[in-house]
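Note that the chains are named A, B, C and D in the order they appear, and that numbering of residues resets to 1 at the start of each chain.
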Amino acid sequence: MFEKILIANRGEIAVRIIRACQEMGISTVAVYSEADRKSLHVQFADEAVCIGPAQAVDSYLDIDNIIHAAKEKKAQAIHPGYGFLAENPSFSLRCEKEGIVFIGPNSRAMDLVGDKVRSRQTVEKAGVPIIPGMKCVLKNISEYEKEADKIGYPLMIKASAGGGGKGMRIVHSHERLKAGLEAGMREAKSAFGDESVYLEKCIQEPRHVEFQILADNYGNIVHLFERECSIQRRHQKIIEESPSQALDEGLRDQMGEVAKRVIQVTGYNNAGTVEFLLDKDRNFYFLEVNARLQVEHPVTELVTGLDIVQHQILIAAGKKLKIKQSSLHQKGHSIECRIYAEDPENNFLPSSGKILFINEPAGPGIRLDSGIYSGCEVPIYYDPILSKLVVWAENREMACQRMVQALEHYVILGVKTSISFLKEVISSPMFRRGDTTTDFIEKQFKDGFALRKDDKKREICLLAAAFLGQNRTYDSGIGKKEHGERSPWQTLGKWRLGRSEESGT
Amino acid sequence: MEHEFVVDNKLLKIFLEKKGEQYVVGVDDDQYTADIKNLSPHIVSLKIEDKVYRVFIARSDDGFFVQCRGDQYFIKDSDQDESEVQGGEERSREDMLKIKSTMPGKVIKIEVSEKQEVRVGQTLAIVEAMKMENEIKSSLQGVVKKIFASEGDLVDSDNPIMELEEKKC
Amino acid sequence: MFEKILIANRGEIAVRIIRACQEMGISTVAVYSEADRKSLHVQFADEAVCIGPAQAVDSYLDIDNIIHAAKEKKAQAIHPGYGFLAENPSFSLRCEKEGIVFIGPNSRAMDLVGDKVRSRQTVEKAGVPIIPGMKCVLKNISEYEKEADKIGYPLMIKASAGGGGKGMRIVHSHERLKAGLEAGMREAKSAFGDESVYLEKCIQEPRHVEFQILADNYGNIVHLFERECSIQRRHQKIIEESPSQALDEGLRDQMGEVAKRVIQVTGYNNAGTVEFLLDKDRNFYFLEVNARLQVEHPVTELVTGLDIVQHQILIAAGKKLKIKQSSLHQKGHSIECRIYAEDPENNFLPSSGKILFINEPAGPGIRLDSGIYSGCEVPIYYDPILSKLVVWAENREMACQRMVQALEHYVILGVKTSISFLKEVISSPMFRRGDTTTDFIEKQFKDGFALRKDDKKREICLLAAAFLGQNRTYDSGIGKKEHGERSPWQTLGKWRLGRSEESGT
Amino acid sequence: MEHEFVVDNKLLKIFLEKKGEQYVVGVDDDQYTADIKNLSPHIVSLKIEDKVYRVFIARSDDGFFVQCRGDQYFIKDSDQDESEVQGGEERSREDMLKIKSTMPGKVIKIEVSEKQEVRVGQTLAIVEAMKMENEIKSSLQGVVKKIFASEGDLVDSDNPIMELEEKKC
């Protein structure tokens, strides 16, 4: 087993990986940018090395600096976390060359699954369903019509050079195809300077369903069931759960087997995730393989009882997977909410600055993977994820109730967060029904999001502010004993204590 | 004593006076007794007719961040904001001339130059924070008077990146 | 379902019960003594009523005051927690009379199981094994000798009037019985003024193994498997775990069925625990029924996935138990450590006072049921339990490692706690081996407990103290920017900030 | 500057001086550089040759409670304790005459009266805290000089319950 691992990441995921290492008796090296000397992940590690300036490109994305730190500290392996260099084949290749174990897939598999076109071709050959459509551009309308009939309606017209929804449109019938194609081409031309468009089957009311996989270096593969991650804003997942409300035993087994086949034919090893779109008629289509530990891995850990990070490390160390598919079960229900530093009432703009105070939810069935503490700074340079609040309960209904309570008890003062918004989503009847599709946020919050607030609570907040303000300015009105009791606490923030000499007991 | 705060741009008054172990509270025309205790630097416990409220509070430069049972408020000190509250429209027009970032971040691009005319909705600068780009647009027609920041600079949401001059047409 | 529940308790268990109610949408009423206005359980409830002075006998034990609060607040049910009035039949009877649901067993069953002699007679008749021995005092030595041969050696001589180990002695053979009896009688006489003694089988290397039970009001009973609670000091449990290392499937099933029989023949309902002693030859003996929610219930919750408090409430509200014995499984391994305010280096004397700062462990598999917060007071009037740290992991080895890490990350400054001692116990090879008997602490720490401390860490602690001390006295040496950054934090405790005017940014 | 602390009854000296962003540290004959940062009111981060230590610290009346990686110390200010450290034996004899509770609690029973003679090991009083009774015994032979507390009183561990007078025999 490794004696020392370097964690090439920051924030909550670095903390989470360090915890796993500590439990396994493995020494840890954190790396940090100049903006992160005071960050939590630095405090949790045994050793820490500064790898450059605040800009990620000069630090967390600088392969040379990270390799240098690993060699200097004699780390035998590197865990990349998610983001940054996690899915960068040059980094994993470099690790291989330097004789450092990269805790993740081999570089060849990473290369393959990172290429959308090649990976789809590979899995399609193995009989894995992909979204019907064609990436090649056709010559004339009649060719498109023939192709469209094959794919079936409704279908999507997409710009070949496209992205971000531009030039994209839905066509519901044969009659409207011609007009749609012409309009799509015009839009594509004006947006990208290239009028090429192609057709793709339109997945209606899609759910994002993905399967967590563990694969060792000897061809043993298990899936740890699905996560549903349909609740997204700006194509970014914000709430994930397991199990999905859309699967039954049969479909789950079927998709799980397909996911394992994807892993097999791509030669993938270590932990990975196979993403699918699931339509309302229970057809599923392969999207891609995420070649890393995912943000949402805790929901799988809570329903299966496996520690995915520890298994990643074991697999990377060459251990054989001892888990059998037949011994794995999903138990209860788990939901994760990603807590971002962002303003839900102002178009989810990121928020940064000093976190003045945190009060964290705790108790039965609550797990908080956090990268922050009272007094820390949220730098502007990186992804604004602060923590992940994850709950587990006997069933989905209880998990929802637990999450609502946990969100209500989660206090972060000083920066804006998505907490109140998440509470609104989990509380909504549509979410409670399990009616979760990828357009959930758009549908539910089409007019934006404004917090419903309670007048009584506002009054209470004002009272508390007045109380603190008053006791700062007017100490004389307070009895000596009470004054002494409170004094150590009253010297915070911009305040000063009037009579500290008297207050020590 | 009476306290004046600004919440959601509204001026609110609270009367609070210690009376024995309790506090007498006046809100609007309502008056009642509250049991208020400091639990720790950032936690206050209020008890009003057996109902208990745990309030989390932190002071910032110009007010308090306060949270009670899931609802969070930013409560501004009234003295710092009286001008803003009273002369609403006037003030906001002045604000619109001072082009600020809505979030602290790094200036990726300045899209205009000094003395250049700009129209409503025109992108003036792009600021990046936390892997997200944000276009800062003009909300009025005018002329760029002065640019304070350069590309690559870190800016906050308090100090303007540039200032415009209004141009009536 | 109840709309409002009064919780007749304080500390961590009151907080835990309030959390369960909140998740079920039930409004909560806390009660508190004058010493507890600032306690955490008061802050968590919707409403709180003061029920008297600090002394428990005038508040938490005052039935009239509590019933009065419940009626005034229109609470439909009372949860007694553990300790205080939890096993007081007059209280549950009074609740019944007042038309308030007591969340616990019916008063008749409580009465029965609360009487050691009657309850042992009852279960013995139903074929449940009890410790061989006789409560009746015999006339002469030869009668004792006959009885002793029946029971077998080694055996215990116990004082009839006894308790606390006085007058108790072990006899290993027939030859030594007479001398032992005479000595025991003398001791009994001098300690209690009554020389009566009786014989009881001596259970060697005993383990304390108990079974958690849920029983509804309609005769449906399930057991939620065992907890082993052998690690005790002064006959008080301090570490509990599930599963027990001493049971296999067969013995577990057998003991579970016996536990259910005990519940059945005593007419017991709601949640309860059947306690056994298990000897080294796998014989088990009924001890008693704990007629309450137990301190250590979380380990069972973590291995079974059931929320016992929520099920207590459901049962009390007249719901039928839907859980089938066959659908219950123990999964993984859970360990609980009770965190007491006590000084392990000074004979475990209780510690009280102000808790100046807390940093809590968090992350995968960690649950903390806590009744304290940074700045709270630990009053001298009540049981010194501060919180319960509970971990879950895939297996016992991983659970131990996780617990050691969690204890190391748990920081409580201001009062002495058992944390360091617990870490020592969990880390010991004997505990790791699962070699846990009720004399574990006596054997392992016969010469008391002294912390092994690390010189480097002491040096680091001194440095930190010097750093803080210096920056309080000598502000001038610090650059302005750094000063500004740090200033809001430097005004704590006995400190004052030198130049607050400059420090606001 | 040099700091003097008392830990486990030993006087320890630490030299600490700021040098740029770092600190120069002297412990015994050892000298090295440390990167020390205040993270929050009760947390200090130290970095020494890439090794990082998170230290939790809280000030009390006469020193600091400090914890680092699971080890906790109470570090006394040296000025408050010099007498105790230097004149060990002398002092402790004086201490033995002042009968204090080892823990804050409530006096359940005073077992002696003023002017009564007491022997080594004799129970003087019983104090209860947190449901546990604790017998306070005499560690020398003497006479009860003065009793300060009555049954039912709350006592702490700083102020004596009674004072004895030594009686040589």
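Note that in this section a residue touches a chain if its C-beta (ideal position, glycine included) is under 8 Å from a C-beta of that chain, and two chains touch if they have at least 3 such contacts.
Since the model is a prediction, treat every value here as computed from it, not as a measurement.
Participant: Count the touching C-beta pairs: is B-C or A-B ahead?
Facilitator: A-B
Participant: So which pair out of B-C, A-B or C-D basically repeats A-D, with more than half the contacts the same?
Facilitator: Answer for the repeat of A-D: B-C.
Participant: Counting only Cα atoms for the centres, state how far subunit B is from subunit D in Å.
Facilitator: Comparing mean C-alpha positions, subunit D is 48 Å from subunit B.
Participant: I'd like to verify one number: the distance from the centre of subunit A to the centre of subunit B, where each centre is the average of its C-alpha atoms, in whole angstrom.
Facilitator: Distance between chain centres: 30 Å.
Participant: What is the distance, in whole Å, between the centres of subunit A and subunit C, each centre taken as the mean of its C-alpha atoms?
Facilitator: Centres of subunit A and subunit C (C-alpha means) sit 38 Å apart.
Participant: Find every residue in subunit C that makes contact with two or more other chains and list them.
Facilitator: Touching at least two other chains: 374-375, 489, 492-495, 504.
Participant: Residues of subunit B that contact two or more other chains, please.
Facilitator: Residues 40-41, 43, 61 of subunit B touch two or more partner chains.
Participant: Sort out for me which residues of subunit A touch subunit D in the complex.
Facilitator: Within the complex, subunit A touches subunit D at residues 29-30, 37-38, 42-49, 73, 373-376, 492, 504-505.
Participant: For subunit C, which residues are in contact with subunit A within the complex?
Facilitator: By the definition above, subunit C touches subunit A via 15-16, 19-20, 22-25, 298, 301, 305-307, 310, 331-332, 360, 362-370, 375, 392-394, 398, 401-402, 405, 488-489, 491-497, 500, 504.
Participant: Which positions of subunit D touch subunit C when the two form their complex?
Facilitator: Of all residues in subunit D, those touching subunit C are 1, 3, 5, 7, 12, 14, 16, 18, 23, 25, 27, 34, 36, 38, 40-44, 46, 53, 55-61, 63-73, 75, 102-106, 129-132, 134, 154.
Participant: Which of the residues in subunit A come into contact with subunit B in the complex?
Facilitator: Per the touch definition, subunit A meets subunit B at residues 341, 346, 349-353, 356-357, 359, 374, 380-384, 407-409, 411, 413-414, 420, 423, 451, 453-454, 457-471, 474, 477-478, 486, 489-490, 492-495.
Participant: Could you please specify the touching residues of subunit B with respect to subunit C in the complex?
Facilitator: 35, 37, 39-41, 43, 45, 47, 50-52, 54, 61
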